[in-house]
Amino acid sequence: MNIVHQSIQRADSQVIEKLGQAGVATVHEAMGRRGLMASNMRPIQQDFGIAGSAVTISAPPGDNWMIHVAIEQLQQGDIMVLAPTAPCDMGYFGDLLATSAMARGCRAIVIDAGVRDTRDLRAMGFGVWSTAISAQGTVKATLGSVNVPIVCAGASVNAGDVIVADDDGVCVVPVDQADSVLQAAEYRMEAEVAKRERLAAGELGMDIYNFREPLAAKGLKYE
Amino acid sequence: MNIVHQSIQRADSQVIEKLGQAGVATVHEAMGRRGLMASNMRPIQQDFGIAGSAVTISAPPGDNWMIHVAIEQLQQGDIMVLAPTAPCDMGYFGDLLATSAMARGCRAIVIDAGVRDTRDLRAMGFGVWSTAISAQGTVKATLGSVNVPIVCAGASVNAGDVIVADDDGVCVVPVDQADSVLQAAEYRMEAEVAKRERLAAGELGMDIYNFREPLAAKGLKYE
Amino acid sequence: MNIVHQSIQRADSQVIEKLGQAGVATVHEAMGRRGLMASNMRPIQQDFGIAGSAVTISAPPGDNWMIHVAIEQLQQGDIMVLAPTAPCDMGYFGDLLATSAMARGCRAIVIDAGVRDTRDLRAMGFGVWSTAISAQGTVKATLGSVNVPIVCAGASVNAGDVIVADDDGVCVVPVDQADSVLQAAEYRMEAEVAKRERLAAGELGMDIYNFREPLAAKGLKYE
Amino acid sequence: MNIVHQSIQRADSQVIEKLGQAGVATVHEAMGRRGLMASNMRPIQQDFGIAGSAVTISAPPGDNWMIHVAIEQLQQGDIMVLAPTAPCDMGYFGDLLATSAMARGCRAIVIDAGVRDTRDLRAMGFGVWSTAISAQGTVKATLGSVNVPIVCAGASVNAGDVIVADDDGVCVVPVDQADSVLQAAEYRMEAEVAKRERLAAGELGMDIYNFREPLAAKGLKYE
Amino acid sequence: MNIVHQSIQRADSQVIEKLGQAGVATVHEAMGRRGLMASNMRPIQQDFGIAGSAVTISAPPGDNWMIHVAIEQLQQGDIMVLAPTAPCDMGYFGDLLATSAMARGCRAIVIDAGVRDTRDLRAMGFGVWSTAISAQGTVKATLGSVNVPIVCAGASVNAGDVIVADDDGVCVVPVDQADSVLQAAEYRMEAEVAKRERLAAGELGMDIYNFREPLAAKGLKYE
Amino acid sequence: MNIVHQSIQRADSQVIEKLGQAGVATVHEAMGRRGLMASNMRPIQQDFGIAGSAVTISAPPGDNWMIHVAIEQLQQGDIMVLAPTAPCDMGYFGDLLATSAMARGCRAIVIDAGVRDTRDLRAMGFGVWSTAISAQGTVKATLGSVNVPIVCAGASVNAGDVIVADDDGVCVVPVDQADSVLQAAEYRMEAEVAKRERLAAGELGMDIYNFREPLAAKGLKYE
């Protein structure tokens, strides 16, 4: 029942990087508004975005043993994604584990629980999205699993999925949709350039999107 | 039932600016401790204050159509104030809408819901106070109203009310009280200058405010 | 029943300073993982740590009278720790009280309630950990106590206990354990130097801590 | 600034009673989906509904002095509606105050704070909707106001408004809309009788409301 | 993108019934402690348990159109499971929809959002587990999907999965594990009979489970 | 560091019983409004009150091993009080443990975490106050302590303290204050009898407590 899947499928690294540049809001729209984690999943740093391949961790509450197991599975560009099996705000992760993860090329963690050593983590440039900050220590007593499907902050994550994270939160792109989502995201970004220029010039969304007629049809009154 | 009030009364722009300089804590005291929004209404930027005239928006949960309608109603110095008709943390507002609002002279939004593109919004210098940050997209399907009375984060807001917002939160000054509240705020700030000097010099509030007698009268014991 | 204890035992100032340098996560571990406040006790500033002797305040909800009483009891290096007698998010503390506290050598407050004037407080370099930010004003009508035992954000605090606070939260060290906890913290920090080097060099925690055997014994499977 | 309005306009008692029989969900719909308090306003009893005229109370956090003031203003069929000026979960109201209120014909309280003696209150048949249950005692030290406009659990309430409360929560009907809302509610209830029969007989909402065409038009696919 | 899957695999009705009799706590243990919804998913009735096949509904916040679509897909013994695409506490479901669902043999709903008409729903004997109670009305404007995989209150649910719900919450059994989970549950219940007798007779878990030795080995001291 | 204190001082059983009859609200007042647990500590049953001697349990999150250890320490009339060392909503306690505890004369548990088998627990007449209901299973892997001082739901509890619990929540009476608190509670209850009669007869608290003069002195205006 407690398993470590060692071989996972990852998306193309260039696709991943471009998804990271597109950012969470754009990728979430490009995916048809799916895959977003809950809004209490917040970064500990500001003005920072990243994307990477998910190494998933299912861990008991208050037990970070499986992070050590997961670190051995990390490859260049991976992001750890941890969901406890029950709500927990303890500090599963700090600067020592981050040091170890960075040595293997991992650049960030997304965790539906707490982290600690947050000042050091920011100084190290290791990206952290968490639902709590807490110094509370964890134990190493009970097994979990690595690279199994998890639900993290309300979103389904499979090992290898592309994790896109920035100031707006975290979005999960299934590995087999990475290419098509990137295409849709790039299309969307191009369309937004023109819209942004028109809006900056003072043109109204009311006119650009032809909202006046449907609003009137639904009965909106002006006084 | 769904209405856009196009003509609203605004306070004098100089009064508004001075209320903004006074800041939320002072204005709230000057108003007799009324008009404050709940403490989960937080800024997405730091060390930033502003004041402006409220253009209010009542919108269905997950539907930002009325923001487009409201933007057409904006004048120089306005602040949009949005309350959903039921609790909602979705991302109603992002950089494109901010671009459009800024083109009309709007400088900030106060929203009892979520926003997205927060990094861009900070870079643009557009002030945001919200109860959530979320990339979750909204639809444009159901009507709301603009410039009607709303309850936003526990505070009553009427169109044209002066919104004062800074790192401490958001306070609402009824338009017909703007002058008197400013007067009270300025009086209070002057009084605080002297108090601050005395306190900085080591004098105790216990002595400045003559607390020793009433404390003893109520039975406070020293050991 | 309402008392001000004027004479409290404080730890040695050098021990306090070193505990502050060790930081919350390390001190919490060195204490056997006790004494941590709840994770909703958050700093209003970033990348800032401190330690000091607790002057405790038990105050009624929405009433900050006892802060004035407590300020008179402050000595160089003290930290005020306030717990309301019922949950309250109002703004008990702002820049005037901070001015007064700093005049007496106090360097920070830890408060299971709200603060205001947060921008000023950051500018003054006065450390603040709170469970809310709110401009909502308090009254001076009902007694509380100073330097009595309190429960603040889930942690027991006695007057004179060493408060260690940084970006990770707040930890409470009983005054009579300050020396032994510092010793344990320093031992721990030394041990971490070597570990950090090995991990940075790519060695795995799996090997450093000999986890492979116990993991297998508990039944972890690799696929 | 602290006022007791002694003369308030109440709706017709028969209209009030019928609104109570219609219940919260129906009245809320009949009002155009406005006036509902937040969903954390919950009854302490089950299977119980009521309606009455609001006697509003604005009280400081942790101070129930104004309830005594309000009780003197109560008339037969009134419901007290209390909003603290800042969030508070203390026990403002218990069996003694309920005894006093019942002696004046008041039948219920709606309070955005805590109550106590809940077992007794249920036994007395006094209706209670609150956002907390807590034995925590309050003081009588600071003024508030009676029969002023308040915001209670997110809803605007004016003295004399009809309060409708049942297992689904609490809805506020402005006194000058009581008649028209009742009319709309009765129309709605009549329409529901026929719909309920058709649905009970197995007919589908898909057919009764002709949803198939608009669903297909929007692109819903069946597989 | 918006789809209704009309053909779903259901577990054997006798297996489902027996899983319901085993109850949530036992089934959750029998599954290896997986599949449990979050603890804010609470019943509106007491002392009531049920099991059925999931008809899943993914719906926009504040829009219950897809419930009508889902009702057409219901078969005898089904349970509707609804997850909004963003957090929402509005009243998606009431007595009319329950009447329609019961006409098709559906016996309960599990909804990560609000319900209304709760008194009527209890009287009808229709089981409800929800994360809110609210009269707030929803619209019928935007598509969702039926019988797609969803995440409801933190648990993954696929159409046809066995939903077990009682006073302890809600557990999800994947349809292809229903038989094996029932077997494990029955084994567990049998084992508990003997244990319960021994414990009722005063025998200690310390002795039954042989805890003394491992506790001592880990260092537990008695004083 | 992990200890079981086997010998604790308990209050007189008759005193305990009378404190239970007085109830939480009265005892809390009689204690000077101290000792109350937070308002999210709620009973799973209705119209039920009890008092007993605290056997305290400090347990790791998600680990109920120490409950077995504690049960061996139980005597007739004891109440278990469990605080996890970090926030946790898992189901630490169910019908088997309750069976064992009842066999030793324990009548209730107060737990700042979750319980399960709630329907059975109610049927058994075993009193439960908890901060969550959850079927989520716990492990037996890490030590805690029994009969050490704990902070449970914000209240300090020492082994042997009298726990008073009813529909209003839970109050903690230090064992050496049990007699004096009972005396104050009885005095209070007697005084309330007369007050209740006067209030029921229509006399106002305004007159009984002579509030008119102090209210006017503070500036309350009637209109």
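For reference, chains read A, B, C, D, E and F in written order, and residue numbers begin at 1 within each chain.
Here, contacts are C-beta pairs under 8 Å (C-beta built on N, C-alpha and C of every residue); 3 or more make two chains touch, one makes a residue touch a chain.
Worth saying up front: this structure is predicted, and the values here are computed from it rather than measured.
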Number of hops, chain A to chain F, where each hop joins two touching chains: 1
Between chain A and chain B, centroid-to-centroid distance (C-alpha), Å: 31
Inter-chain centre distance, chain C versus chain E - centres from mean C-alpha coordinates, in Å: 42
Distance between the centres, which are taken as Cα means, of chain E and chain B, whole angstrom: 42
Residues of chain F touching at least two other chains: 1, 33, 39, 85, 87, 89, 134, 136, 142
Touching pairs - complete list by chain label: A-B, A-C, A-E, A-F, B-C, B-D, B-E, C-D, C-F, D-E, D-F, E-F
Complex interface listing, chain B residues touching chain D: 1, 32-34, 38-39, 85, 87, 149, 151, 154-156
Touch list for chain F against partner chain E, complex: 1-7, 65, 68-69, 71-72, 89, 91, 94-97, 99-100, 102-104, 114, 116-119, 122, 132-137, 140, 142-143
Residue ranges of chain A touching chain F (in the complex, touch as defined): 60-63, 85-90, 134, 136, 139, 141-142
Chain F contact footprint on chain E (complex, rising order): 23-25, 28-29, 33, 36, 39, 42, 46-47, 49, 166-169, 171, 192, 195-196, 199-202, 204-206, 209, 211, 215, 218-223
